[in-house]
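Two complexes come next, and they have one chain in common, chain A, joined by chain B in the first and chain C in the second.
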Partner chain A sequence: MLFDSLLAPKYLGWLLDGFVVTVVLSALTCASATALGFVLCLGRIARSPFWSLPVRFFLSLFRNTPLLVQLFFWYFGAAALMPESVLHWLNQPHHWRLPLFGVTWPPFEYVAGFFGLTLYTAAFIAEEFRAGVQGVPPGQARAALALGLRRYQVWLSVIMPQAVRISLPPLLGQYMNAVKNSSLTMAIGLAELSYASRQVETETFKTFQAFGIATLLYIGLIVLIELAGQWIQHRQPAH
Partner chain B sequence: MNLDVITDHLDYFLVGAYPHGPLGGAALTLILSVLSALVSGVLGFILGIALAVTRGFAQTSLLLVLSFFRAIPVIMLIFWTYFMLPIVFGINVPGIATVVIALSLIGGAYLAHSVYAGIRSLRQGQWQAAAALGLRPWQVLRYVILPQALPIMTPSFINQWVALIKDTSLAYVIGVGELSFVATQVSNREMVYPTEIFLFVALLYYAICSTLEFFANRVARRYQQAT
Partner chain C sequence: MNKLRIGFLLVLTLLAGLAHADRLDDIKKAGVLRIAAFDSNPPFGFIDPTTKQTVGLDVDYGKAFADKLGVKLEILSTNPANRIPLLTSNKVDLVLANFTITDERAKQVNFSIPYFASGQQFIAKKGVLKSPDQLNSLRIGVDKGTTNEIVLREKYPSATLVAYDDTPFAFTALRNGNVQAITQDGPKLIGLLANVPDKENYEIPPFSISDDLIGVGIPKGETALTEFVNETLRELEANGQAQKIYDAWFGPHTKTPLARIYKIGDKS
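For the complex of A and B:
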């Protein structure tokens, strides 16, 4: 009863479409969260409390509340705060024709999902970067200053390269979390992999196949990130 | 800001329909958190010690099982337990049990690695010295290894338990009436003040998580001073 038949091509197509959405959403999230996390990390380690206090507050708030509630807030709550004209624009389909390809503005759940995932992931990445910067022995900076380097040079050529190397493994861990966390966007109706597997399950009652394929696809993505991490670390020169 | 929508439904946010119906809201979130924290802690210790005492094939297979639970999204595991437990065991499993099982498996898989890492961080000589004193293997673990490894593990336990509290919100997907489910119910019924509702609920979670963090850190500090 569980294994009696395979899924029809139509349903495999649904799962594949969901998988593509998961991959694109996670990749965009990782890229933007890394950039935002870097900026937040700079604010967090700034000496002036004018920068570090608000960033501390932001990080603590976003790390200690569930992503699901944050997504609900952006999807339902932020929409209620937006001016009528913006909301109207967001709810209309938009398409731009560029020289090589067209760009279609995605529906609101995609915007809210991407936005929420990025802020949540960035809060975690910022702390990983901070741990990386703190992992560089303070003597390194002092030695570099003594050699006559300027402060920005110390940062660019002494602290940053070492900090990046230290925070790379945890950063990849956060990327894996971003892939897994993208599944939560199904709750605001974003048709990614978990959403698709649930839909296939409802239509076909083939629970085992629907969830099995989705699970394998998730594991495949995670393994891919793991392998990429090992490859990068082996490539790095020993020091 | 309209705070009436919060005060009007405050009871519902905190305890659900109780006492006229099932317990829900923040109280159910707390119960789910405590149960999965306990079970995941026990699982983490058993599996972590198992990792430390096994070698070769047994250890590799255990590591593979653990990485499976660490690799799949919590929502997928909740789906699996929700739909497969009744089929496999032929009984109706209540939603709360489903969530606690799923969260404990994932939390346990993460904690097993922390326990294993804590045990491995001690020098090999500790085992050898204790064995030379005539202690049996489980006595070595109980009186020599674990007391030293525990303070090393506590930060990861605290982090994992905070993550568990946040993950109880995923019970929403199978309709368990905990805090985030209750929030969407009120939001759908009222239709007008979603900003206030989700902000309030986020602050409630924040209060729960930071309270745990605060007290756990205090206990951990006192414990670390004592040893």
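For the complex of A and C:
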């Protein structure tokens, strides 16, 4: 009876495979979205409208449309616009042998999912960074300039250290969102944790177990991010 | 005679009501039969572009049940994965949505005798797919939550499966080249292909990898309702109504001509 209500190892394996994809996808998304978000933030706070206007447009476009629609656009829509040869290359498996390790080009679902998630998350992270920069009193920058520091020095040693600390908690919140948002990529056929749980449910009809285990795995991942955040904030020297 | 009959019926319904509430009685009392049907799977269930109503072969059977009961028909749209939850959560009385009968599903719901049979086939760009052996080396689009996915994985374990929310999405993926073939029941693929503007580029290779029987999904344990559905289906076959319904959607003058190889009662 007890064994009846558990999931067979095969299906637990599916869920675990899905979990690995979710972890890797979220980690890659967070890393690249942080880098892109930082660049976008610089563009957004630039004085010249040549930089700030396009970035503003990008941010409002990506922050104000549903992620699911964006994913459909990248996977189904953008693919329809690409030339046949490019599309063919993207859909074929490729493998490169580098000196230390091999690199395999993933199927198009992974590319489109990663790309869509990264742009969406970066738009939010850029605004978190901007909030961090604006959270540093402007008097400090002026004072530092008055003391004879150069502009880049002001940025590196006065504004940045404080801005990063201010934006860290909301940044971790965005990382958690990225983990949860990655579940939407199941709609474009990316075999992450939600996709796997749905498949297990389809084959076993053990609805509670399939979605229950998926939920626990998501919670575990979010708790890890939370703990990492607390640890980092704890380590920071007090001022 | 008639009065006696009515009196007898009244006593019967009273007794049945005392024993336990029966779904068939609930339907008659409410005056509404609620069915779940597809809204984007021609010719089984789809939205008619001119009338904006859900129509199709499945819907016609639903109408026949409602007419026999003398109640109104209410149609809820469903997707493949929602069919069992809609029944178990009591949102609908019957599921008529190209519902393949399987042992696994029969643990969750009652099935009627089959009213349609089809095989699992494929659509691919012309010349890509010639024999079933090739399936093991292809990327194939499937609909989430369907038996097609399960059958394909069991029979061709090396094929790469990509699951989409429904058939139109899977077809878009095929058109974009994300997958080299998509799989569904043959009649559904014919229906899909009929509405594709560049259908000359695609083909349905002439082989199928399974034989699926389609039945009406009924809430688990509703014996009276199951009996009623089975009896009505046999009646529809006997009086030629079933053939008429079939011809309306798969007859030689339709967009999806397909010979009728299965009649109700052939298999149970």
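The working rule: the second predicted complex is superposed on the first by the 235 of 239 C-alpha atoms of A that agree within 3 Å, B and C clash if a C-alpha of one lies under 4 Å from a C-alpha of the other, contacts with A are read in each partner's own complex, and residues count from 1 in each chain.
The definition used in the following text is that contacts are C-beta pairs under 8 Å (C-beta built on N, C-alpha and C of every residue); 3 or more make two chains touch, one makes a residue touch a chain.
As the structure is a computational prediction, the values presented were derived from the model and not from experiment.
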item: Which of chain B and chain C A:80 touches, first, second, both or neither; value: both
item: Partner chain in contact with A:187 - chain B first, chain C second, else both or neither; value: both
item: First (chain B), second (chain C), both or neither touched by A:109; value: second
item: Contacts of A:64 with chain B and chain C, given as first, second, both or neither; value: first
item: Touched partner set for A:88, first chain B, second chain C, both or neither; value: second
item: Touching partner for A:198 - first (chain B), second (chain C), both, neither; value: both
item: Contacts of A:219 with chain B and chain C, given as first, second, both or neither; value: first
item: Touched chain A residues, chain B compared with chain C; value: B
item: Those residues of chain A which chain B touches in one complex and chain C touches in the other; value: 76, 79-80, 187, 198, 201
item: Interface residues, chain C side, partner chain A - complex; value: 81, 84, 104-105, 107-108, 139, 141, 144-146, 149-150, 160, 162-165, 169, 172-173, 175-178
item: Chain B contact footprint on chain A (complex, rising order); value: 2, 60-61, 64-70, 72-73, 76-81, 176, 179-181, 183-184, 186-187, 194, 197-198, 201, 207-208, 211, 214-215, 218-219, 222-223
item: Chain B residues within the chain A interface of the complex; value: 68, 71-76, 79-80, 83-84, 87, 162, 165-170, 172-173, 180, 183-184, 187, 192-199, 201-203, 205-206, 209-210, 213
item: Residues of chain A defined as touching chain C within the complex; value: 75-76, 79-80, 84, 87-88, 91, 107-109, 187-189, 191, 195, 198-199, 201-203, 205
